[in-house]
């Protein structure tokens, strides 16, 4: 009884391959699960995976390929906001859903009716980080920010800084760095000279771990906080002792007692040989969401989009998902802290 | 007769080495002027100074009475001094004809605009370059090689091509740096005739050469350079009988029958 | 104080650049062209050190040795694949071969080593050595020391030993060297392997200093190696070392004065300025005009 | 001691050597003369295995060296002083000379210094310029350096490709004297010269190369009196 | 003058190229074709510089970037039209090249390459840092569609014809320049700069002209790219982008006009063909580059002249010492 095809556009090779891989495992897992339960309306779900190398130009080309292929009913991707945005005009023009598990750029979902993002935008995360983590949990009076100089890092930092100022926290310094950098000594020495109580690290887990290590090596005792992107086993592994006490937020936790979350975590570990992180979980939910929308709307691109836009309280492993009119999700965050080398959810501070 | 080229106190040093030291040279229009001297005497350096490849440490150079002392090589070439190089410097991967066509660079003026739209100026320039280029090749006997790659020519022929290319710039003064090097006596004899013919057509020539037969046969006057300094100047006969020159340069002639 | 600390950070970072640049400079000299595969050489060296440490529980010196050996071998492969077949042709061909091999090696190691960043254990139990008011770790000192010794040894090698002179001769004129009895193929192989091996060592040091190795770590650092080499002057080992250290210092001062965003802008601008004043790099030889 | 048999060389489509055969006996001076582009340089290059041979074989002292590495050929005792000298421009004069020792297989531990002294004696000019970069020497000085460098090897056979090219008459004279002196030391010499007259004067035998074949060969004195040779190569 | 047979070939390929969008009813392949066109312009313009004057520019992406940002900024903020911006972006890129050229054209070999590389990075990083002008890392979205007589050019077909026309014009003009006095001067500079000067060629001026002409087209390509994708960010103008343009030139064969065309086409299509190889895609792509140069070292379309250069035997005859010393170290 035929197949249902969705596209996945992600950096499978190139510098961002590490992130694309998470997408791939999760989406394929979701497809297997759906197919094990009889597929969608009796049809088997297949995923067409295309590698963008993390290059916006290729993301656009893949978009063209997907929209061209009439069998593809909806797509998941891209990893970075830049690539997602570069592909957006094509998806919009041809009317095909692009659901990004990770693009948190506030402009992304606004780029068109067919653009959806489920990671939650920095418009919501920034204030949470400022109010609950910086002010209430860490009780910071002053904070500095170090951020990766890409669209995501910039927005994340900006939203946080705005909100922190609103909370009456003094911002002592804001310093960018580039994705390929490994040596943060100079920046950190500079930030340190401004003497903040805490530092907000807007970076992916790899770089965040290195930054924490170098902070530690400087012999600097500063309170560490970061956006949800750092939530990963890798951070603990690479950061070691240096990330102890680092506070962040999440809406997905490995310790979540929900059985479907645990099933997912176990299955992911079996396939990938490591624990899933937020990106992976988010990609899994994206696939389930699309499957659900297709099940309800039938095999029509436009209908799928309309159905997706009406999603309300979809029970994902990352929490309940409801799209705003623009196509974003407002997330419910919990505070997450590294304690004794483990990620620990701080119940007391849950919003 | 007037001097076409004059130098006053021309000097060039490299670090501590005085390669050319206070040379006063005067070359008459219409002459073939020889420059000889032991290896490392500074002859090539002198040429490099005259053509602007090196800037002098001291001294002045006048061409047709005008100072050209600090001009760039291309300006000097435009004023009418052409040269060949001791180490052949052809445009290796261009055809023989194209090598000569470059020589017409100064006489043509095709701009981007002309090239884009193939204006009449473009056609005129191309015609000049092709026709005259071919004429020159015919004159030096290279016409049959016109489409060959310059680097595929035998050594001696490459030297001829260098001269042809220099002639294409329509110079008043031609500087030849060891044109006969690597040629056998028969070929050298041919070269002598050719140079003489050029001179008879009105071209002034300065020539550096170690082949005494060529020098003595051709030159009106000869300047002898040693350790960067001019040690003697005179007619071929005077030079051959000057004891200092014999000692520093010509040798006893025992094993050297090619010296006349 | 703040400045001193920044300068010192710069020197440490610069020493690693210096080591990479020395290797790069040897290759540039002997092969006579820019190589694009050096980043992968550095990366493979780093991974060799990493595997040595994680699987065989080796110590620092064994890790460095492993990096040296692995990249040495890779150097031999590179020479066979990218340089030897094209030696008689225009050099751009070899250059494109290095681009191809670089893409191949980088993605192949992503496939085999995994795409994620790996933790390089803290081998040396890093700790501070107080030095007046600035903070220096033992690793920083060790790196500076290693690089210094290597630079010295290499200088001796190139100017005082026959093999060293032969390497320089081959880099100038392969035919003439062959006519004198120098085994050109072997010498080129040796030079390339040596340059690569130094790259491998710097890879291990990078890994230890930053505690991480990654299949895509090479590209950006290789650019630094290239920059430092040109900066210091092609064909000069002390130049490459100096170029690397100055580059490190400029970068750190650039961050200190402006911001991290301007780090490379500052260092590239200084590089271009210096080339305008000294077109042959700081210690580079002036081209003969003959 | 050297046997060249039926040597063929192609440059692309051009058939530059078309079956060259000759021998060189110990301690003789053999000269190759011929017009520009006749193929003289190609012959010695082929012997040194610096260019690919399409056919033919080369034996030296009974050993087949047709396919040996250039560096091994040198170690057998063949020294090739190339046309155009090929000095290492950025090595000092002395370093250039030291490199000449590379192919020297003698076991004498002092040979390097001894040979250096010998070369400096022969060319005091080089001693003066020991520390100067080879590339900054004048043409004549470079030729001296190239010959000196070759002698460092203490070779059995020396192949000189146009050693007088671009040299002052007095130096040419010296170089020819030198060639005789080198022969007197017991070396064998294969000499390529444009200056056929002088070459035939000092040589024992001569070969005339024309368009890639040996058109004439024989006793040097006989060749020097051959009317064809006189007309073509000796000038008027 | 082209022979009749050549003319026929030109004519037929022109027809084929014009009809292409009708044969291929697939917008994806049409987009690939557009990307090929874009890269042909980029690779050919780089080839003008590297292949014809022998300067080794490895930072071409910088000029491409300038063109794209000029177009994007002027179109989104000041509503300049596409047709005006095409030449304007080229001119701005060329102005920058004058700046670079005046400063660095006297540098030789690798040193020149290094400054182009540095320049390319300086441009990209400036774009990232100068947020008030370029929106920094956020990129510039919403670049409007080009208009022609009040009609929006939206479809890939329209862009196909635009890029086809641009490529055609570019190659045509290049060919004309190359086969004129100017082109000969360029080649002479590539072959031997000293000799060129001795022939009265103002080498500095002609190298500058060359750089201006080459980078102008990189700017034009940037403008086209900006309008075509309607969103640009600094990510598209990395050093790697510059290297891959370089790879196209070299794989195709430099120093002739058709080489980069073939290089750009094959290096754009190959990764598309390998799409299904998942993680191995780049491994195979790297291997493919190696194989291509093993099979055709002088480039896929290496000209006869360059192939002779390649088959040149081991010794360069009669090359003077200077050259052995100098040329050894060049990129």
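Couple of notes before you dig in:
We call the chains A, B, C, D and E, going by the order they appear; numbering starts again at 1 in every chain.
Basically, a residue touches a chain if its C-beta (ideal position, glycine included) is under 8 Å from a C-beta of that chain, and two chains touch if they have at least 3 such contacts.
Just so we're clear, the structure is a prediction, and the values are computed from it rather than from any experiment.
Among the other chains, the CA centroid farthest from that of subunit D is the one of A. Inter-chain contacts peak for the pair C-E, counting C-beta pairs in contact. Most remote from subunit B, judged by the distance between CA-atom centroids, is A. In whole angstrom, the spacing between the mean C-alpha positions of subunit B and subunit C is 47.
Averaged C-alpha coordinates give centres for subunit B and subunit E that are 40 Å from one another.
Per-chain Cα centroids separate subunit A from subunit B by 73 Å. Mean C-alpha positions place subunit C and subunit E at a centre distance of 30 Å.
Under the contact definition stated at the top, the residues of subunit E that touch 2 or more other chains are 128-129, 279, 281-282, 306, 308-309, 312-315, 317-322, 324-325.
Across the assembly, subunit D contributes 11, 50, 82, 86-87, 89-90, 135-136 as residues in contact with two or more other chains. In subunit A, 13-14, 17, 149, 178 are the positions where the chain touches two or more neighbouring chains simultaneously. Against subunit C, the residues of subunit D that register as touching in their complex are 48, 50, 69-72, 74-75, 79-82, 86-91, 95, 98-104, 133, 135-136, 149, 153. Against subunit B, the residues of subunit E that register as touching in their complex are 173, 176-177, 180-185, 187-188, 191-192, 194-203, 209, 213, 305-306, 308-309, 312, 317-323. Taken together, the subunit A residues at the contact with subunit E in this complex read 12-14, 17, 49-51, 53, 55-57, 60-61, 64-65, 67-68, 82-83, 85-86, 88-89, 93, 105, 107, 111, 149-151, 153-155, 178.
Listed in rising order, the residues of subunit E touching subunit A in the complex are 26-28, 31-32, 35, 128-129, 131, 136-139, 141, 154, 156, 229-231, 233, 235-236, 272, 275, 278-279, 281-282. Residue ranges on subunit B touching subunit E, taken from their complex, read 51, 53, 72-74, 77-78, 82-83, 85-94, 98, 101-106, 108-112, 114-116, 118, 122, 125-126, 129, 149, 151-152, 155, 158, 165-166, 168-169.
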